[in-house]
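Below: a set of structures, written as structure tokens.
Next, two complexes with chain A in common: one pairs it with chain B, the other with chain C.
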Partner chain A sequence: MIIPITVSPPLSTGGGSKLPPPFVKVSHEEIMLIELQGSLNVKAAEPGDRNGKLVGYLRMDETGTKPTLEIGHHLLEGKIVQLVKPIAVLSRLKIVDSDKLEEQGEGESTGTDKGEEGGDKGWGISAVVKRKIVFGKRPMPVAQ
Partner chain B sequence: MTSLLDILVSRFPHGLGSSSTKAAPVAGSFSCNTTYESNFASEQIGGPISARTFDGKAVYFRRKSKKRMGSSTGTTTVPANHVSKLLDVPIHRMLCDLSASVAARLQTESSEQESTPSSSHEQLQEHTLWVDRYRPCRFTDLLGNERIARDTLTWVKCWDWCVFGRRSKGKNKAGPLDEYLDQEDEFRRPLQKILLLSGPPGLGKTTLAHVIARQAGYEVMEINASDARTGSVIEDRIRPALESGSAVGSKLPVLFIIDEIDGASGAGENSNSFINKLVQLTLYKPKKQRGNSARGPQTKRPLLRPIICICNDANASVLAKLRPHTYHVRYSRPADIHIVNRLRYICGTEGLKVESRALSTLVGVARGDLRGCLNTLQFIKTRNEDVTESIVRQATVGMKETDLSLNSILNDIFSPMSRKRVQELGLTEEEELRYVGRISHEIGGSGRESAIAVGCFTHYPMMQQHDSKFSRYERANDWLVTYDIFSSAMYSDGDFTLMQYLPYTLVPFYPLFSERGAQIERNQTDWEQLQVTKANEEIYKSMTRCLRNSSSTSEYRHLLASPTLELEFAPYINRIICPLIKPINNQVIRSEERAVLTRLVNIMVAFDLHFLLERADDGQLTYRLDPPIDIFITYDGKRAADIPISRYAVRQLVAKEMEALLVIKEGIATEHGKGGKPPPNGELHALFVILFGLASEYDTDLRCRAKRGADQNDESGPSKKRARVDSDNIPVDFFGRPIVVKTSPVNERSTEKKKVEDFRITYRFTEGNSAAVRKPVKVGSFL
Partner chain C sequence: MTLQISLKFSPNSLVESGSYRLVELPVDLCNVIEPALNASDPLHLCIKGQRDEDAVLCTQDKTYSLRSVVLSNTILIVTPSPDDESTSVDIRDQVTNILELAPCVPKLQKLDSLLKGRVYDEGCIDVDDQVVGNKVTYDDARSSVQASDSELALALENRRILMINGELRPIAPSYLHHILELLLNLLVSLSLSHDAVSINELGLTLAEQHDVPQAVTTQVMAWFGTIDGDKCRLDLTAIVREIGLDILRNHRHEPVDQDTLLAKWRSGVGDSYESRLSLELLLGNYVTLHPSISSAAPVMKYFPASELPIEPQTRFADLFLARSRWTHEEITPFLTDIAVDTKERDKLILKYCRAITEEGTTWYMARTQYNG
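After this line comes the complex of A and B, so read on.
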């Protein structure tokens, strides 16, 4: 089976609100990957309660080199790293089912497999991620 | 081979040809060719036998090869240019030439000497001290206990392995020192790196050190610690010399002699003092070389050369730190007969007529001080007199007194001279009775008049004198007062011309109280009182500190000034903190007693006084006041009568109350400090004033307020704190057990639930792998 993938200019900036969790849109164009060394513990009474809640604040300084992430009473300092292989964010073009948005990380597959079968279905590259923000250091406690 | 053996070898005349005296100059002329030693040693199988002459110069004997046993070639001294064995000129001819040239030179020299007028030569001689002229320069010339000299030499020889890189062969001989010195370290040094030579002055300690150092083949560097007494000397002069290993322009290894080390600085704790530096120098151990770490210039190297320290009093307090690191040799006074013989020999060479009796008197007066004897003799010589007993007496009048201890001076004051000493000094009975000069000289010489005066003051009442009118004591008292007036005038006005009269004010104690067989025991009362005073001052100091710490306001600062604190504050605070309280239950207490109690607690908190729970020696629990200002109202184990003794139960009560109050105060302080904002209303602030000031009334209402204040703290604060505050208000049953509380846990649970309901997100950092090995361990392995 051949799945058609169309390369289009970052199309769905409008639908950028539906970006998968690990990605963040920085400035107007660029989408970055966020890497945490650690995990997020969410404490909520019911699983549904967590939807739409604030996790933390991601801040970028003026030079755009020093991102910080504030989660709860922790302040993380990160750095921006160039990805070895760029990652494409794929999104299904025509939503037939009620499937949710999925993402596939395959840098090399861009533009290789092209087919026109199943014209109603197809994948579009919504963005190419070239850099990531890594929060690898021990968090600093912050007084609120 | 020890040099003692060497000396024996060098004494054999057949080894050196006709006689040793002839060979000495030849050897001397070659001894500068030290560069050839190593060549020579390496080429010869078996190597030469090295030896030293009396003067410490090196002489080498070549071994006879077995083939040439029959041949008549005698042993020769140091070879000339021995590059190869194929010389142009045979060696014996070269030696002949050399000896001829030396002989020629000696001849010219002697003729020159003859030509110079003998008078000038004599005058030159007169300018040098006899002490210097007759200073021993060979090991065998040393006067005194030979054992001391040998011990010293053995110690110096122990360094041979470290310094010269060869093992001293004399080790094979069993000696008392050997096993002790055998514990050598990684650098093959003896266990003790420093030799401490102690003994009375003038016996020749310095000379001994010099002679032995030369004998063992060292170059001597001497430092007089009484001149250069700061620690920087070690860094500036000693360490460079020790590290370079030899003095400038010399090939011999260096040996340090630190003379008069008891004059050095070092009694204090200051780490820069001379003694401390010296100990550091000795103790320094190099760390294991790690890789190829660059050795900076600051890196210190271990001590690899011997150090000899010389002092008069080995028990001087200055040397306390050094003593454990030294090998101690005590230099004692040699037998009088040896000194007399030596003196007679010297007088003979100097052409001085002496009586034997005069000499032994001289030695007796000088107490074996050879240097003093020689100086006296020279002094007599300059006046062109014969040495007779009377002249010796005259000459020794001003002789330097050996350092007399305080105790011996006091003994001299309170008891007449011993018969032996009288005999030694050869005094007539009439002379013996003249005490003023003798005692005043002793007192003045010691330079510790005040200590002697204190000694007199403590001892004169002890003397058993039958005196119905106490007139003796009265007079003694008068003299002491005189002394006091003189010395205070001297020190306060700086009028030091009075100094010379001070000894005379103490002399009268001799006629008043002297008694044969009186034993002066050292009285420590003065010292003990001084210690007590110091301890009490410390208590005052800590009290001042407490006051300063506790009162953030400057309300009580005026109490801290010196006379006010001791006279007006401390006596009254002791009365204030001991009110009459009956030790009864907290709940049953009457309202007026409650007021007294709360006021007491407030005062104690305000002045930062505490009751500390302690277990006494007999196992009983006591509450001790800290700082212990209650000792100021305790005299000689008895308490002042008007102050009630606070009992254990009362103190316990007070301590508990104080604890509660402190917790409240702490809670408020953290609240205040943390918020950084003014308290929500005036209430908290008012509370502060109430707590810190004593003026306002302390009411039970305050407790509720305080509790509220504590509850307003952050929830994360220890709940224990709150519980304790609560516990004060909990109604207690008859036995003091709290009646069960039900309300507070419910409260807590409800607040907790409320907390959980919030949405919270936290970040958990993943540390990475731990390499720790985990294995199950049973509890039993810890027990």
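After this line comes the complex of A and C, so read on.
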């Protein structure tokens, strides 16, 4: 079995829009990696309910070195960390296809055929990331 | 001024989950990938492996083993929101593992099992059509052997595998020996220089006089020389080596003494090329046994590295079964195909051998007894 991987500039895989200015400097113009201790667990009645929902607010100070993340009443302080080895971000090519994105936004049925069809086109590498934002500390409570 | 942006789940987060992977890149691979990200021509890599094998990642010329490492943290993959790129970003996926790559030796041994029973020998042309089914094409081999394209191409050449009508057929060693001897003879009798041999002329002569199909001759010449247009520059040393190997191959069980082997080899090669003969050419393919009577000449046995197991532990066990102790020079040719570089090879030696020094010579002996 061969799974093809295509390395090509981001534009050809349907990307193109850039991150807000201070975050562009983190590592890559279009993708950033945010590391959290633990994970984001969302309770949702329907699996699709979290689509497009707000998680929290991400802030960056003017020096571009102190990111913070506010989720509900919790504030996380983070830092920008150089990765030991550069990381390539692989994405399933079908999903990145911009036409498909719009279609999938409408219905839920597309969720099922993701695996089969996505596998045919293989994967793409459109970014190599060298730094990430790490939120490694315990959250602080925030009084609103 | 502190900038605030909203962090959201992407509108398709359910569909997209699982559609991202993070791969840690070794420096050399990073140097290949980064320029490709700005180039107009896409670069193609691939992941190869059957369901029961460990996957490998192949570039054009290298193979890397893939290993998934679980992280205790979660990494969010965040991209700009398509509709509102200045004030919000989307979480496209969450991953809790990362793929690590390490350079590895291509798993070419599978090629042998794949091509078992497909040997191409003299006279095969006539019965060719009767053998239907289990044909192995280049694409079959490419998809099931875990090796990059150039490593596979090199392996096909090193294993002397012919491409006949799109099918892969390993050539029978004795047949190859025969063709090579014919080639050398023709070079002498037609007084051709080995630097620029006309492929067509030689191919036609061999086809007419000795019934060797031209397709076979052409490929054999490509193995033992460099083709430039319609001329071929033959590598005589390689040809001489192959002839020697085939003579040695007959002595898998009955050892042959060195002088007899050399004499046979000389007569096979012919007077004109005798000077190129050297036992060094056969390194990694024979084992020298010193008979108990010290006056007798050392004897040699065919013992090819390519047929030894790939697992280091079993390979060393086999090596020490063949001989109880080895010098560094003797053992290294048998380890080159299981270690990527000399550093790794020496690490293996350290791990599996016990070194003792006797009268200035270092001998390696088995570290443990493999009695089961």
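The rule we apply is simple: the second predicted complex is superposed on the first by the 79 of 144 C-alpha atoms of A that agree within 3 Å, B and C clash if a C-alpha of one lies under 4 Å from a C-alpha of the other, contacts with A are read in each partner's own complex, and residues count from 1 in each chain.
In this text, a residue touches a chain if its C-beta (ideal position, glycine included) is under 8 Å from a C-beta of that chain, and two chains touch if they have at least 3 such contacts.
These numbers come from a predicted model, not from an experiment.
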First (chain B), second (chain C), both or neither touched by A:R92: second
First (chain B), second (chain C), both or neither touched by A:P20: second
Touching partner for A:G56 - first (chain B), second (chain C), both, neither: both
First (chain B), second (chain C), both or neither touched by A:I80: neither
First (chain B), second (chain C), both or neither touched by A:G38: both
Partner with the higher number of touched chain A residues, chain C or chain B: C
Where chain A meets both chain C and chain B, residue numbers: 36-40, 42, 50, 53, 55-56
List of chain B residues in touch with chain A within their complex: 756-757, 759-766
List of chain A residues in touch with chain C within their complex: 1-10, 12, 15, 17-23, 30-40, 42, 47-48, 50-62, 69, 84-92, 95, 101, 104-105, 108, 110-111, 114, 118, 122-123, 125-128, 132, 134, 136
Chain A residues within the chain B interface of the complex: 36-45, 49-50, 53, 55-56, 71-74, 76, 138-139
Touch list for chain C against partner chain A, complex: 1-16, 18-27, 30, 33-34, 36-40, 42-51, 57, 72-80, 82, 85-87, 89, 91-92, 94, 96, 98, 142-143
